[in-house]
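The structures come next, written out as structure tokens.
Each of the next two complexes has chain A plus one other chain: chain B in the first, chain C in the second.
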Partner chain A sequence: MRKPAYGVLALFPSADALLKAIPKVKARGYAQLEAYTPYPVHGLDAALGLPESKLGVLVFLMAAFGAVGVFAFEWWANAVNYPLLTGGKNAFTWPAWIPPTLEGSIFLGTFTAALAMLFIFNGLPFFGHPLLQTKTIDEITRDRFALLIVPSGAAFDEADAAAALRAAGGAAVETLPAPSHETPDAAWWTRTALAIAAACAVAGGATAFAIRVFPTVKPMVNMEVQPRLDAQEPDSFFANGRGMRLPPAGTVPRGGTPILAASLDAAGRELIDPLPVTEFVLERGRRQFDRHCAVCHDRLGTGRASLSSVYTAKPADLQSSTMRKIADGSLYWVISQGYNTMPAYAADVSPDDRWAIVRYIRALQRSQDAPERDLK
Partner chain B sequence: MSSLPESLREKPLVEGRVSLADLDEHVQSLSETNPPRSWYVAVSITSLVALVGLSTVGYMVSHGIGTMGNNEPVVWGFPIVNFVFWVGIGHAGTLISVILLLYRQRWRNAISRTAEAVTVFAFICAMMFPAIHIGRPWMPHWLLPYPNSRGMWIDFRSPLIWDVFAVFTYFGVSILFWYMGLIPDLASLRGRTKSKVKRAVYGLLSWGWVGDARHWLQYEKAYLILAGLTTTLALSVHSIVSMDFAASILPGWHMTIFPPYFVVGAAFSGFAGVVIVFAFVRTTMKLEGYITMRHMDLLNKMVLFLSCVMTYAYIMEGFTAWYSSNVFDRYIFANYVFGDQWWAGCLTIFCNCVLPQLLWFPKMRRSVPAMVTVAAGVTLGMWFERYTILILSLHRGYLPATWGTFRPTIVDAGILVGSIGIFLTLLLLFLKNMPIIAAWEVKPDIVHYQKDAEVEHA
Partner chain C sequence: MSAATTNHRGRALLAAAAVGAAGMAATYFLDGAARFWANWLLWFVILACLALGTLFLVALQHITGSLWSVPMRRVPERIAALTPWLVPVAAVALFSVPAVFSWTQPGADAVTPLVLKSAWLNYPFFILRLAACLALWMLSYHLLVRRSLRQDESKDPRVTVSLRRFAPAFMIILALTITVFAFDWVSSLEAAWYSDMFGVYLFAGAVTTAIAATTLGVIYQRRRGRLPGVTEDHLYNLGGLMFGFTIFWSYIAFSQYMLQWYANLPEEVFWFQQRTSGKMEGVFVLLMAGHFFVPFLGLMMRSDKKDWRRLRWISIWVLFMEFVDVFWLISPIAGKGLNLGWPEAAFALFFLSAGLLVVSRAMSRGPDMPVGDPFLEDGLKFHLR
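Right after this comes the complex of A and B.
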């Protein structure tokens, strides 16, 4: 069986001619008509009996959703999730949230209006439209006005429809074939899937570049390069070639305690752990160790934490026999002064916390390879 | 129609007898043919200027904000002056295409497309400035609320954040409105072009538009809704920009008149910008039949009207400062016109209040050299208005010990001139490649006025 035609089309030279032709064609019993025009012709909707657009309802709903959504987000972000308190006032500062609420509402409303009009209400894109396969469409988008009789019922007679259009003043009458609705085959799905995968790969690569590589490319080094001397940098200004000045002899940092021991061994002999033996001290030591030391020395002190792989000099294994034998005072001295590539922690960790760390290292050492009597 | 006396008869907005196909032939053939040599010369010059500007931006980014004149106490220097200036230029497109649409002003039809393009390109220039003046321009996403490992959110109470939302929304909606208006014209271009590739591209971009009456019904509805919603946007965006200033406590900024005053100023500078663009476009592209002297006359009337509102706003601002009896406010306003940079304030008043009064004379409104002079004066005046408000307020704060003087650098100048180059380059590319008159809006006008003419001839 031959597919029924999409319709019979005729061209009119002006909008007026088209509007006059519609009642004539309708009078011959053709109720289902479509019109194609180069610009919106007012009066066509009434002549064709088109229903009012429902677009406004959808836009109103989306705009309202945008307003409520943005306002609720502002409230959640600034008053609940991360409360920003100003001048001791209530965090629910609704008047200040109105401008973004307005913008959110308009944004969603306008984009809904345009996109829903195109893609929902008008059913675009419809590249399979039979008009697009003809030369006639080029005239319609320029200056011709087309009327189309849609076939209704089995008794549709193309010749009669064409005659009706001609009688109403239509020219260049033609029959449009039915649009070809091909169901997509396996090859189409493969192509689509590949295209989506390629798009994802490109987007992913671009994102990785944008957040990982791009910020590290010069000159985007986040103010790393500045016309000033960093700590320990050499400089020719002073005779000794150092950028930093040495503090006068006997200088004591505010709030700090000087380490009086002269060397690692001396510290082991002279420094004495001042802390009492309590659970609190061990707990404090654990928290300080996990915060400052574990990133390199591992949480068990093995020296094999994830970061250790990037160092050429490996962090010390605190479970080694050397470290088990070393004196408490020497451990304290290393934490305070640094050793080899390990930096000093005197500025970051208070003396009591350093001793607590030493105490915790001892506990860690005892917890690993524990002798049998400790397990009883 | 013919019974009306001559003076009451509506002057046609389309001159000469043209058909619908003639319009397409005039306007849409531009994208099919090679432009004259002068276009190439113009676009080479503007893109060179744009390139110089972008290189200056690159220099500024790699060497730091310190290469610009921004410093204590004038921490917002040229970048924010330029930002407010360009956002203002962008407002005319929206007012012409949206508010005049709601008022059913037919004369907007022929000029709306290019005015909307001016909006979009001015916004591209405007958005560049906040992006580069934040110091680390590769981190503009910090302006947006996104989930992050710091667990923090932006402060929605800050006028600067309102500004981000307002400008992004305005930019997005301007592009949307512009593109939506282009769809039927792209369908028309699809029918004209001889090239298969172009036909496919135009076909895709117009989503297979066929001009179905049912589609037009929804389309016009969407257009009207968009116009209504965008009107609130056009009025709110520069209001919000003004709150960047008005919500602070600085003398000269802390004024309740700021939001409406900024909106009028934006429209004023925008209309002036559009007058300049059309004065050149209509003659160089031979579009005098569609963008007639009557269009230019109406645009100039808008400039004149807005100049009067602007003058009123200046007087009101000064009156507020005087009536408040606040020593600092009074001092700041005196400083605008009598201070060490008195020329900025005086230039503002001359260009925005005095010069446009020429447009009371119909002859001036219809003379291209006169209107371009006035419009160029207004554009300059509005730039200096922002300079006055921003810099002359900032450099005299409440604490005289922190007073200073702003000195722009060559980097400031390079970026400002570069932004003009970017704007003009984009505009020239648009004029060459896109349908610069909204054919589907002007075609009914052609029919309308031809009908009148036929009645008169009969």
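Right after this comes the complex of A and C.
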């Protein structure tokens, strides 16, 4: 059986001619009409008898949902879940939530307007629309105004419809065939689903790649490169070419304790650990060591902490035999003054804490090389 | 309508104005000068907003060349007849300056912001600015409205051309004078306060008010058959403008509020603190709900804007909200006792009836449509879809 025609189409030279033709065609008993114009024509909706579009209602509902949703989310996030006090105001800072509320309503409103217009009210996706296959589609999109009689009821006479259009002043009358397939078939849905899946896979892969690559690329180095001298850095400003300066002879920093030893070896001979042997001191030393030293020397003092691979100079292995033999006073002196690339910690760690660290290093060394009697 | 009813209504308005005037005099002697001056300022600002807003609507039509507004243009032109009456109202208002303006009070020379602003806020310059504003408004009224009225007889299309040429210049005049007016007559009441956008705020309210008054005038004239050919589609555009300027006012009002609320600087935020706490808190909430949500939701649907009954109620509501807005601006400072009571009712009675008298007298003179405008016929043919 032959499929029924999509409709009978005719062209009119102007918008006025189209508007005048519509009542004439309607008078011949054709109620279902459709018009195609290159631009919106005033009076066309009324002439065709179209009801007011429901799009506005949908947009309003979604925009209201966006506004209420965003405001409620801001309220929940800033006043309920994690109350945030800013600038001495209370947690319910509604004026600050109005701009995002406005954005939320605009976002949902505009997207609803565009998507609902395309997919709900205009019935997209619609492939192979018969109008696109007419000879006159170029003219309809340029400067001609088309009227289509849509078949309604069983007894549709194409010849009579064509005559009605001609009588109303229409030219280039033609019958549009039924569309080849009005709704997408299973193959189209499969293709579409596969395409979306492929797009997601590409996007996901690219994101994963980017996440792996970008952390090694430094987007900004402002924090890292600073106009200051670090410990042991050379500098041409001073005559001896060193960035570090010795304090004037005989001076003691405010609140500081002078280290009364001239060298590493002298410190080992002359300085004496003043702290008592208590669990409190060891615990204090552990906390100070973990805070200041473990980042380079590792929590066991092996010198193989996670950061050590970044440095060209290897941090000292505190478990080595050299470090086991070195005197307490010398360890104290190194922590205070720095050694090779290790910076001085005198400014950051108080003298008592430095001694506590020394005590803890000794405990660490013993823990990794315990004599048999300790294990009994 | 017969001349007798017109006279009857005119006499009723005159009587109402006389009662109001008696109440105003009683306010001065029974309730103190401060309350009198606060009320006088309130109505001076409202009348100026109404006159300037309607002049803006007239000029806007000339600039955009819109056709739909041509048949109803006589209504804003007639409401703008309030412009010359601003001169006596302003002259009386000058006496309020020593009474309620903060920069004229004793001790003002010890407040740093007031000292900094004294180059702007001093009597000679203040009066000079007022005179300049009034002169420019009178000139604009003459060039925009009087010539349009004379076109009814001459039917000279060149008048339309020259009106369209002057309209952009008026926009610049309006932008400058309404800013100066807002700074001088509203924000300088509490002269230590800063807000650059206050002129825009007053402008947004003025235009919203003018649209509401114009809508009421058009509905009134139309129901009496004076505007044949003006359909719901014409009204729809007025409703759309009112809807748009409602949102504009809200946007400006909120922007002004949020910036100062966020920064929380003592020299700025005290102004809002006075207007959002205590007994003003209710007015503040009413303003947010009434000046934005009621017209916003009430004018949203297409059918709302075509229904003259609904438009009439919303227009009346918007006019009332302009009163609330200016009350909210002026009351905490200038009032020193401005409240809702019989003095406010007397002032409202006087200014409403006197204003209606001026506008209805003006409306009864000459044709009700700009019959000399060459675009009148095209404007009458306007339809929506």
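Here is the rule we use: the second predicted complex is superposed on the first by the 198 of 376 C-alpha atoms of A that agree within 3 Å, B and C clash if a C-alpha of one lies under 4 Å from a C-alpha of the other, contacts with A are read in each partner's own complex, and residues count from 1 in each chain.
Basically, a residue touches a chain if its C-beta (ideal position, glycine included) is under 8 Å from a C-beta of that chain, and two chains touch if they have at least 3 such contacts.
Everything numeric in this text was worked out from a predicted model, so none of it was measured.
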Chain A as common anchor, with chain B and chain C clashing or fitting: clash
Which superposed partner A:344 touches (first chain B, second chain C, both, neither): neither
Contacts of A:96 with chain B and chain C, given as first, second, both or neither: both
Touching partner for A:44 - first (chain B), second (chain C), both, neither: both
Partner chain in contact with A:72 - chain B first, chain C second, else both or neither: neither
Partner chain in contact with A:55 - chain B first, chain C second, else both or neither: first
Per-residue touch tally on chain A - higher for chain B or for chain C: B
Which superposed partner A:87 touches (first chain B, second chain C, both, neither): second
Touched partner set for A:199, first chain B, second chain C, both or neither: neither
Chain B clash site on chain C (candidates 110-118, 182-190, 218-226 or 326-334): 110-118
Doubly contacted chain A residues - partners chain C and chain B: 44-45, 56, 96, 99
Of chain A, residues touching chain B in the complex: 14-15, 34-41, 44-45, 48, 50, 53, 55-56, 59, 63, 73-74, 77-78, 81-82, 84, 86, 93, 96-97, 99-100, 102-104, 106-107, 109-111, 113-114, 116-118, 121-122, 124-127, 129, 131-132, 137-143, 214-215, 218-220, 222-223
Residue ranges of chain C in contact with chain A within the complex: 254, 257-258, 261-262, 264, 300-302, 383-385
Chain C contact footprint on chain A (complex, rising order): 42-46, 52, 56, 60, 87-89, 95-96, 98-99
Of chain B, residues touching chain A in the complex: 19-21, 24, 61-63, 136, 138-139, 145, 151-157, 159, 161-162, 165-166, 168-169, 172-173, 176-177, 180, 183-184, 187-188, 190-192, 203-204, 207-222, 225-226, 229-230, 232-233, 236, 240, 243, 439-441, 443-444, 447
